[in-house]
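Read from first to last, the chains carry the letters A, B, C, D and E; within each, the first residue is number 1.
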Amino acid sequence: MKLKNVSRYLSPYVYIVPAIAVFVLFLFFPFIKTIYLSLFKTNKMGQAKLFVGGGNYSDLFSSASFFNSLFVTAIFVLIVVSVSMLLGLITAILCNQSFPGIRIFSTAYALPMAIASSSAAMIFKIMLHPTIGIINKLLGLHTNWISDPRYALVCVALLSAWLNSGINFLYFSAGLSNIDNTLYERASVDGANSAQKFFRLTLPGLSPIMFYTLVVNIIQAFQAFGQVKVLTMGGPGESTNLIVYSIYRDAFFNYRFGSAAAQSVILFMVIMILTLCMFHLEKKGVHY
Amino acid sequence: STQTGSENITESQTKEDITTSAAPVASTTITFWHSMGGVNGEAINALVEKFNKENTSGITVEAQYQGSYDDAINKLKSAQIGNMGADLVQIYDIGTRFMIDSGWVIPMQKLIDEDKWDINQVEPNIAAYYTVGGTLYSMPFNSSTPILYYNKDMFKKAGITKVPDSLPGIDRIGDDLLKKGGAGEVISLGIYGWFFEQFTCKQQAHYADSGNGREAAATAVDFDKNGAGVKTLTAWKTLSDKGYAPNVGRGGDAGLADFSAGKSAITLGSTASLKQILNDVNGKFEVGTAYFPKVSDDDKGGVSIGGGSLWALNNNDVNKQSATWEFIKFLVSPESQAYWNSQTGYFPITTAAHQEPVFKDNISKFPQFQTAIDQLHDSTPQSAGALLSIFPEARQTVETEIENMINNKGTPEAAVTKMGESINKSITDYNLLNK
Amino acid sequence: MASLSLVNVCKTFKNGQIAVKDFNLDIKDEEFLILVGPSGCGKSTTLRMIAGLEEISSGELWIDGALMNLTVPQKRDLAMVFQSYALYPHLTVYENIAFSLRVRNIPQIEIEERVKKAADILCIRHLLDRKPFALSGGQKQRVAIGSVIVRKPKAYLMDEPLSNLDAKLRTQMRVELSKIHKELGATIIYVTHDQVEAMTLGTKIVVMNAGVIQQAAPPEVLYNNPVNKFVAGFIGSPSMNFIPVWVERREERICIVFSNNRLFLNEDNAHCLIESGYLGRRVYLGIRPEDFHETGPKEQAIKLKVEIKEVLGSDILLHGKIGGNPICGRLKPDFPSEAGTEVSIFADMNRILLFDLDTEENILDH
Amino acid sequence: MASLSLVNVCKTFKNGQIAVKDFNLDIKDEEFLILVGPSGCGKSTTLRMIAGLEEISSGELWIDGALMNLTVPQKRDLAMVFQSYALYPHLTVYENIAFSLRVRNIPQIEIEERVKKAADILCIRHLLDRKPFALSGGQKQRVAIGSVIVRKPKAYLMDEPLSNLDAKLRTQMRVELSKIHKELGATIIYVTHDQVEAMTLGTKIVVMNAGVIQQAAPPEVLYNNPVNKFVAGFIGSPSMNFIPVWVERREERICIVFSNNRLFLNEDNAHCLIESGYLGRRVYLGIRPEDFHETGPKEQAIKLKVEIKEVLGSDILLHGKIGGNPICGRLKPDFPSEAGTEVSIFADMNRILLFDLDTEENILDH
Amino acid sequence: MESVIEMAAKDINSDELENFKKKILKKALFRRRASKLILTILNLFVALFLLLPLLYAVSIAFMPSNELFTTNLNLIPSTPTFNNFRQAMAKIPLKRFIVNSFVVAGFITMGQIISCSLAAFSFSFLDFKGKNVLFMLVMATMMIPGEATIISNYLTVSSLKWLDTYQVLIIPYLTSAMGIFLFRQFYKSFPISLYESARIDGCSNLRFIYSILIPLTKSAIGAMAVYTFINAWNMYLWPLLVTGSDKMRTVQIGIGMLDSVDSQSISMMIAGVVMIIVPSISVFIIGQKQLIRGMFSGAVKG
């Protein structure tokens, strides 16, 4: 009897053990190390050398460059998330009804995800090139897309949005397929037109997955890296110096692991707070 | 990296001994990390294969691609902590100071001296870069200098016979090129830290203090104090303000596309890019080469080299050490270097290679390459260029500030000041933490 | 409200299943039409075709004189209670009921009023803030009804709307539906398995079997004068007893004969049988359980060995067999009978029915 | 099979809703227990607690002498038909029915045999290859029953398993369930709204209201001797008529008086009333509709103005009001009556019930 | 429908009626077809727009490089060539890389689906102490920037002597918070009565997961599998760091190997990119079958 109770008590944990084990070993443990490092100045090997306590943090908070990174990142995330979710949603809805060729189209919509961000950036780099780039040629412009601080961030953001739109399409499609068809039936008998069905049924029905997509998109946008590295390297000036790129630069380039670690921790905190806010909102807003 | 060499012994016993003074080394495998992709990687693999086949000492070299230069040095850092070492690594020019300070390496000089190898085989202007305090730390391998490429057709159309040798010179012919030559832009000048360094060299100024970082670890940059930086940027900005040198983006190859596409009349680029440029142009127009431009007409300096060199890592294994040395010797042999040059467009680092038929064939096929050789020979070891522990960061800073200057139309002085401040702070930090 | 007309309507599903065949029916304005039939006979499918949720395979659907075959559901202006409730899981009860009004942009105040009124009728006022998952089955069903009665559509379609309610509530709802029908002059098409609902609510009942209409008639006609054995057996609970009998002439009178029993027919029936030439042939005798009486003329007594006695409270049901045919009689609770004993019961000869042995059609015409 | 015992079981939902309160019940082995009560009274919740799907907020659940409060459902070895069917949408009917056998690793052959047998009982043999979406409501419900009757669990829990079936099929299923109960000696707990099912199937009926047991007794007891007005009104359809009346002594006899009517009680009842001191007080009179007769002693006649006449076929229902209380009488179809006319009907005085005005408890004890 | 056809059927004779009917049906049918056509055209536009970069990349891959470097409009190669592909194939052992990538991505995908569905099941169907805290911890792992952990992970695996093996590429990625989160969100709208029914049927949790939950959340699993696979396929930094030899290298590093400093052949690199996209597209096309509509229709009431 007692044994049975113990197993009953433990069984929920058994299901999460495989996941947690990997997390602990490869994420929590190293991240705690990172937090530790963020309290130090490091040598070129990335080893803690000089304890500075909050020194790295206060350095960051007095650095215009860091605030620029945060600001740029915020704008980047905003554009990426809104555009990619919109693209994903539009394409998912376009492919929600059956019509000839649907499989081809849905493949097309998901395709951007099949490309690694650095490969995609390579393609975009050529497309956006002011002289040989197809975009300028098609539009008859001579815009210097990625060397102009006005456009560079938008370009990187649109590239990322394009990349993410594929997986968002998949998520939304999967979400749509989860909505019970009889609800649509009832709604149409109730007199709801397509738009009303969309706003009153589809969107709420998608809300769990919408929430998921939002959270994941935000988190991933915050961590976008490959495209920046290939396309702009943080430039022009620091106009695309996203925080993750800045972390990368400090850690792997500038021999400042301490600062990079501190930025990682701050980034973590920022995302964490954002996510907590979203979960809080979910409890209120997301249905089911 | 644990492959045994036993098969290779039996196979190589029949082969002729090509390494002249080989101390017999019983079946050793060494690992060689490099950052050569594409055609370069192909050439390296061919050389390695040849060495593995032909050496009689039972040495097997395992060449491993480790990503870009940046990737490779980072991996080296983690590997040195984590003990998955290589025996020989290829590191870029700006990693030199870092490697010297790291304490992981066996100075090349030591191997050379032990073997009584004649160091004079190496081009002195190239060796100079890697020589600090009289010690050659690494063996130059893939070296290049920047040169000026120009569109001969456009020059002809514009009626220009003298290729400009300075930035003001370019400025002077700008209008002709645009109006008569039919150029879309005068010069596609990529925003590249290396070019900035070269412009400093050209002015015979130091980039950093402590003898350009060669007498001791630099404590600050010098270009902000000796005026070289401001001069460079002023000339650059003049071109840019006139619209002759529009912003084509960051990096050494940023300007090449416009040139290959026949839009810009002039571009600056590495000598190693020659083949690819010719390939991309593919006869659309004639490509000419000239010396890297001076900043003002009366500058007397030369250019310094860039590229990568080979570093022997200290793994406390005598066998591996001598095997590594054998392999290096093979790589820098005239034969190998001539082959290397013909395949990649990097300099042959030994003068003897110039005698190899392969080299001669190549230079007759690509006469433009002679410019590079001449330019190198016209330089002096004094132009060897700076060593700086935080060079990668410094370059980024320089590029960022140049970009800002061009885009935000700030003054050259302000840009140089900002560069100085920012780089100096990093140097100070670095020196403090890595005593 | 509206009149509907179905002409030769057929429905074949993708898997080849023919659910409705040659359905012809005129539903007049203000009619309360009841669809009944065995499980799987095509009632829901018919409703869904009218609503526009299933495509009509062939045939025509007219609503108020307009051909509606290809009109999308939201343009048909009908309201439907689904057999499966189909509540929106993310909306509260209030919003579920209000949904169809909201999509019509009806002013907030009016919505509130109508929803509250519907909720009162359905006794779910206290549940308005709940989400469907926190409702019991019957409560869900009432919400589904609520979302329909707030509207004033051309016609109401209701698919077993009261199946999960208790008897008392059901009676109450029945009265409310009846009121709505009368007050609004609503056209209602209503699927039910409940005989009482069918008999009391309907102005016309349609009996279906395997996708085919068997009879469409007012309740009393259906009950008293079913067109065939199927309808006769289907309507009425417990259902009618059937016994194959010989039609013979004995003692100068026409009688039906079966396993030791011999029942004399009344004049009208006898006449009718002779006229249509059934004398000497076999037919099915049909007697409803409630048409057995405890008393009667001795010579008409039918002996029944009681196998099971079911006590319903108001009545008792006696089950037994006659000549291998299961027989059920509904008698007064004080009728002395016990399982295992034999009782004499008497058929009301004025209420018997006779059916052709082959076509199973009703021979007599009351 | 098994015996169950619920001791002081309570259930409070997260939103504060108290669904079941102080539920005490012993369910003996082989019992066929029926749970009835108004919609939302806690029947399903009780079943779900027994099954282990809802946590028991307080109290104890014993199955075969073992405390089961915290046992996971799959270890309780019960079978349940859900009110909402809960079929697996991706499995065919066959696989749906076979599922519970498959998870027990029963040999293929035996599974096949049992599934086929169940399918035959339920008349869904031809549907075995279909997926649930291609079934009608009643067919789904039968599949849900099928997936339960293939098993031989400790007890069957059934939540309105026949609600979507037609009367005929329902009768048939009732018989089958009855058979299963007898043949397997199964313990069955059964929720239904159908009075006939409740009265014919159950060995014991539990009437619940608002989460509280009102009475647990065999069907006849419940019908004839309900403990209170609620039970009396709940059991029986149409439900019992209630009229507040005065208990008075007239002409040396005890009678009940209400709006111009005066009915004499029989000896037993009169005695009982006097004993318990109700003379001169007000009580509720309860008469079932079927306890009105067409004939009787003149002085006992009750005048009813017929407002609605419902023709059921076997009977008619007359609705009217007496002193503002709605009254329904069930009478023979040939009883001359028309909506709008006044009729005289007679209450069976041996079958009336009287309830305390405040506690609503039954005063008489038959 | 619309006012034109609001005429009573009885007002006209049968021929007219027939014609009239035909007309209406034709019109409605036409409207239906037209709306499908519009939908298709709309899709065509959106798809073209979204695919432009990819199509252009394919086009570049077939261009000799001198065609790329031109100021003229060069949407499609005028002298298409396989040369870029040939060169790319010659420079790197692409086949071996593809096999490696398949092995790694395949195992990671399977592992993630299993571990994530198990964990998500526990988080959404079971109740236990510390559930919310644990879930937030899991979520937190998503927010840790990869750059912040990679060095220390490198040290971990090298101390385990895993370098240059398959497991080092696979094991750290055997689970993902995103996957757990995704499944949890999907399970939220899963009809709970199916779980209950299965439990009463005597179904163990594991059995429930694999015979009910997984088949019914195919679309989510499909999306997740495709995503995981492609992500694993596209990993760069980690494989670069922990593998050394070509034996273990994956395709993305292969692409890197096409890039030569100082003499970059863009068209060849794009050819390489195109080549390694092909397998990932195939995976998607296979996985796509799982994204079918309408799983729950009619399974449960209300």
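The working rule: a residue touches a chain if its C-beta (ideal position, glycine included) is under 8 Å from a C-beta of that chain, and two chains touch if they have at least 3 such contacts.
Everything quoted here is computed from the prediction, not taken from an experiment.
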item	value
Contact-graph distance - origin subunit A, target subunit B	1
Of all other chains, the one whose Cα centre sits farthest from subunit D	B
Chain nearest the overall C-alpha centroid of the shown protein atoms	E
Chain pair with the higher count of C-beta pairs in contact (A-C, D-E)	D-E
Between subunit E and subunit A, distance of the C-alpha-averaged centres to the nearest whole Å	15
Whole-Å gap between the CA centroids of subunit C and subunit E	52
Distance between chain centroids, defined by C-alpha means - subunit B, subunit E (Å)	42
CA centroid of subunit B to CA centroid of subunit C, Å	93
Where subunit B touches two or more other chains at once, by residue number	81, 184, 257, 261, 263
Sequence positions of subunit D contacting 2 or more other chains	72, 83-84, 135
Residues within subunit A bordering two or more other chains	46, 131-132, 180, 182, 205, 252, 288
In the complex with subunit C, residue positions of subunit D that touch it	13, 15, 17, 36-40, 43-45, 83-84, 130, 134-139, 141-142, 159-160, 163-171, 193-196, 199-200, 219-220, 223-224, 233-239, 288-291, 310-315, 317, 330
Interfacial residue positions of subunit E with respect to subunit B in the complex	64-66, 68-71, 90-92, 151, 154-155, 158-159, 163-164, 240-241, 244-246, 249, 253, 256-265, 268-269
Subunit A to subunit B touching residues, read off their complex	41-47, 49-50, 129-132, 144, 146-149, 232-238, 249, 252-256
For the subunit D and subunit E complex, residues of the former touching the latter	48, 51-53, 72-74, 76-80, 82-90, 99-100, 103-104, 132-133, 135, 140, 147, 151, 157
Contact set on subunit A toward subunit E in their complex	9, 11-13, 15-16, 18-20, 22-23, 25-31, 33-34, 46, 87, 90-91, 94-101, 103-120, 122-124, 126-127, 131-132, 134, 137-138, 162, 165, 167, 170-171, 173-182, 205, 208-209, 211-212, 215-216, 219, 222-223, 225-226, 244, 247-248, 251-252, 257, 260-261, 264-265, 267-268, 271-272, 275-276, 279, 288
